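Chains here go by letter, A, B, C and D, matching the order in which they are written, and residues are numbered from 1 within each.
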């Protein structure tokens, strides 16, 4: 058992964005000050999370208890490699997204921005809560909090389309979490005899029969529907009605990654890799993930609306991560954890570009985007770089994670999963590169009046930054690799 | 073992109480007039009082008369003659010679509660009559369903 | 002075009511003061009792010092279970007392003094029910709380309130009389009225049809008074058309305390072995509870106005508690008792919010929530906390009661009950998010960038004043506090249940009904 | 609806009759209720403990006095409840009769007979009521019965003459105060015992207050004080209920 260190910094990191909400409410009359406050909070949060890196990389686990609720089951934070990596990604991208949101919201003169930013901050603290969660109860608590705090963001526009999207969003997420995850959670509490802390070997290992293990594993995988495993995936395209900053951070980074993060926690922390080798559960999940990868990539190919195409691409990429863990091989686990980071940066750039195009030219559909590259060189350049990373070609950071995933499938001897991986990579090329290529070399689509140059600077800088980061991950994968390998 | 019929014959009080209870319950459930429901409620309460009191009846077992010749099973008030020695050594009093006082105390409460409930029910019935002009539940419901007087 | 606390807690509201009776006619303004001070003192005393019982485990107080032989006088017995219920009732009472001055003027026509006398007598009855250890005295206290309930609910301005209260009176009297009959049968069979006394005699010779009929009568009577689904037809009309203040006082307490009485009967009077020793017919009761849960949830879905929806949710919650209690294992019973506390505060929060929003109107259509987050943000925030409790989201007590109940259900292997709990939570989610959507975005879907309806001047639900907000936020805070304190609370309950011989899991084969574990008469 | 009611009634009736099968025989002296320890103690110790030969009064006001206190509270609640439901304060409707004059009522010709007999009867009735109240220790009687008879005497006056005449003698403010006052006497006695160091409603403690009385006689006097409280409340509430119901809450031109 890694020795634990007691320090309050995870608590402060979690509190920063919560404390931001009253500040935002006070400053609602002065937008500049309000947005400045968000940026400052983002920087402080990232700094606090980075301060944990030296501790965790030295193999220690940082623990802080919020509330002693049930005997042996407190609401407690235990920061380990996986949690820290996800926290770094989330808080890092929060700063970038806040910057981007300022540009986007002002560009479109959106309404009730204070409500938007405050719920944004609350959902970030919920995401951090899940990342740092020390036991299954705390994880479930912040998972539910995240569903609630993101609902107003999804229905931000308040029009009929926004509200129906919100309804589907809640129906899937609350329905699956209360319907599947809660009974499974209580079953674990019953079997585990009261202590549900995540241990490296899993607190349920050996305490549950083969059939029960498989059923509970499947209930958790589908209970945490944010992981977007088919058939519980259609809330994600429905949530695309939200403004782009929401789609960018939440549906490329925070919300979906929380779902996958919880699944990884269930695999590693609740059951433990060794125990799962004994039961067929992992193979079933891996198969489901494989199917999801291929099917979602095919659907993405046919989507004309850029955001919906990216949404289905996200569903596919998430299933990479699930499959990586379900392979139960070290390389697979490392690959999937690294993929969390690389995919986050890649996909958030693509969403930023989609938003920038919409702000600059009002175009939503790929067919209209011919010849945009000449008018929006930076945006489309970043789109190209990010696409490389998502596809997994060398200059992009995604290459490493896909490489380890591929190694993982070969280690586990699941050759048909390797085939699925390769096939979906080809499909990725199919639905991402044409967009960039037609933007630079294709002719302008008819009816395109050629109006509108680059998006506002506040939009372009963040997307270039994140595109740059995808290249950085390719050159210096060291940090990701160490954090990921802590878990094996 | 006495046959069930003999038991019923001997425990005739309890059979009466069940019959009375059922008459009251039937009236309360099926009668549509509010006052008839209340009459049913009174019969219901009276039946319970009959049951409790018949628990406390004590015919002194086989003793027809006490060892001093006086009748058994009478009202639970100690006669004057035995005042002093009842104080010094209470065990001389033979409880079988008196009725059981406890059910009577309990039924004093039940009667009071019955009166109180009946009073409140009659008050409510009077207000209902003032508002709807009728005591038949069907007519009241009819008035409610076509609301010429709204309730907001 | 502290050793008189068990009777002292009942006397505080009692003397308060009598003082209001004497002084109220001439100085009506003194009554709110008496009520507030009285209930505040009651909360302090209840907390002291809870604190001592948590250590000592059980506290008997003999009124009039008639201890030997047992059963002569009336014994007040406080153990882990009713100490908690006592504290919950006291806090809810205090919050309603805080809520009442501002709200009183319009609703109770022009008789504030009578309202306070009846309210304090209602609290006396509820404290009496919770504290008493004598079966017949329990009947008297049930009648006091019932009578005051009828009067409070019939006092309202709406004519339909009186018809609904009349039906409530009839059903309530049938219920109370069945309970009285049951106690009579028990007295006939055991010769005792004291609960512990009955228990010892019943444990000695359990197999008799008189005890079985007594149990059936008591259970049917209590189910009728707690409005378990098929018998609960009276509840929705009474609390919808009744005056909001009376509904806020009665709704969170009366049904919950009756559930406590059922638990007391099952655990202390008849004893766990007697109740669950026989065949599997406790399964049937849990299926009855499942029907109650689902029916309540569906009726709430169909309800068009707020208060009727909340009443149907009460029917559903009663199903939670009855189902939990009859799962025949300690986790289910812990969940049921914990839910009594949690649900009292959740229902109070929702009814207080409904009282403020609806004002005098009995019918508050859901469309009138239009833009309510903008008009009354503070009230809606408290309403949201209550709603999250009902849905059962983690920090609130609703989650933890479902936590214990589902665990009880899983251990008893009663998947129907677990399924019903989950389905009703989902339906609650739909119910309340439907309201949130209307409250934030307005009932008619606007165009893109629509920001909810403009601020509409309050029709007649008066803007929340100081007293209302304090009560509302007290209730909402208690919903979370009971949630976070669930560890300590469930500990107290488990110890109390252990002493009363409630096994952890349902014993597959029951030992023959020999005189079981030493009963707790010291 | 009728068939449904019939089914329920037959079902419950069958259950209860099936229960009668195991009842102890009617009037059996050795049944758990009659032959039990509790009953024997009551009958044997009523004189020793409280010097009251009437066992029912001792059980009512001493052994289970907590029960009876709340029973009195039930009557007080009934009075307040009916007041709250029915009482109407606005003076529209209902003319106020001249002060205690004989109103020209239909069937006036019988007035003389009814008026004089009622005037003759009321005083003895009230005197008898006090006897019943006081003699509760030695013969069936006590607070409830005495209180009801006093209430009935005022009802007789109201029926014989008109509500206004009895309201003049027993006005609203007084019977509301007496309703609460009676229960306060009862609970106050109990509180006094508590203040004197013994448990609530343990009249033995009253010996410290009463001159030259042992604990048993103190108990007897305690019982008597409690009975007075009950009589006060019962009479006030019974009359209040009648006055409210008869005049539809206006307390003016009643029955």
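Throughout what follows, contacts are C-beta pairs under 8 Å (C-beta built on N, C-alpha and C of every residue); 3 or more make two chains touch, one makes a residue touch a chain.
Source: prediction; values computed, not measured.
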{"item": "Which of A-C and C-D has more C-beta pairs touching across its chains", "value": "C-D"}
{"item": "Inter-centroid spacing, chain C versus chain A (mean Cα positions, whole Å)", "value": "44"}
{"item": "Mean-CA-position distance for chain D and chain C (Å)", "value": "31"}
{"item": "Chain A-chain B separation of Cα centroids, rounded to whole Å", "value": "71"}
{"item": "Centre-to-centre distance between chain D and chain B (centres being mean Cα positions), rounded to whole Å", "value": "17"}
{"item": "Of all residues in chain C, the ones touching two or more other chains", "value": "136, 140, 143, 147, 150-151, 154, 162, 187-188, 193"}
{"item": "Chain D residues counted as touching two or more neighbouring chains", "value": "16, 21, 23, 31, 33, 35, 38-39, 42, 64, 67, 71, 74, 77-78, 81-82, 85"}
{"item": "Contacting chain pairs - touch in the sense defined above", "value": "A-C, B-C, B-D, C-D"}
{"item": "Contact footprint of chain C on chain D as seen in their complex", "value": "15-16, 18-19, 21-24, 31-33, 35-39, 41-42, 62-67, 70-71, 73-74, 76-78, 80-85, 87, 89, 173, 176-177, 179-181, 183-184, 187, 191, 194, 198-204"}
{"item": "Sites on chain B touched by chain C in the complex", "value": "21, 25, 28, 34, 37, 41, 44-45, 48, 51-52, 55, 102-103, 106, 109-110, 113, 116-117, 120-121, 123-125, 127-128, 131-132, 140, 144, 149, 151-152"}
{"item": "For the chain D and chain B complex, residues of the former touching the latter", "value": "1-2, 4-6, 8-10, 12-13, 16-17, 20-21, 23, 25-31, 33-35, 38-40, 42-48, 51, 53-56, 59-60, 64, 67-68, 71, 74-75, 77-78, 81-82, 85-86, 138-140, 144, 216, 241, 244-245, 248-249"}
{"item": "Residues of chain C touching chain B in the complex", "value": "136, 139-140, 143, 147, 150-151, 154, 158-160, 162-163, 165-166, 169-170, 173-174, 177, 180-181, 184, 187-188, 193, 241, 361-363"}
{"item": "In the complex, chain A residues that touch chain C", "value": "67-71, 73, 110-112, 137, 140-141, 144-145, 148, 151-152, 155, 157-160, 162-163, 166-167, 170, 174-175, 178-179, 182-183, 186-187, 189-190"}
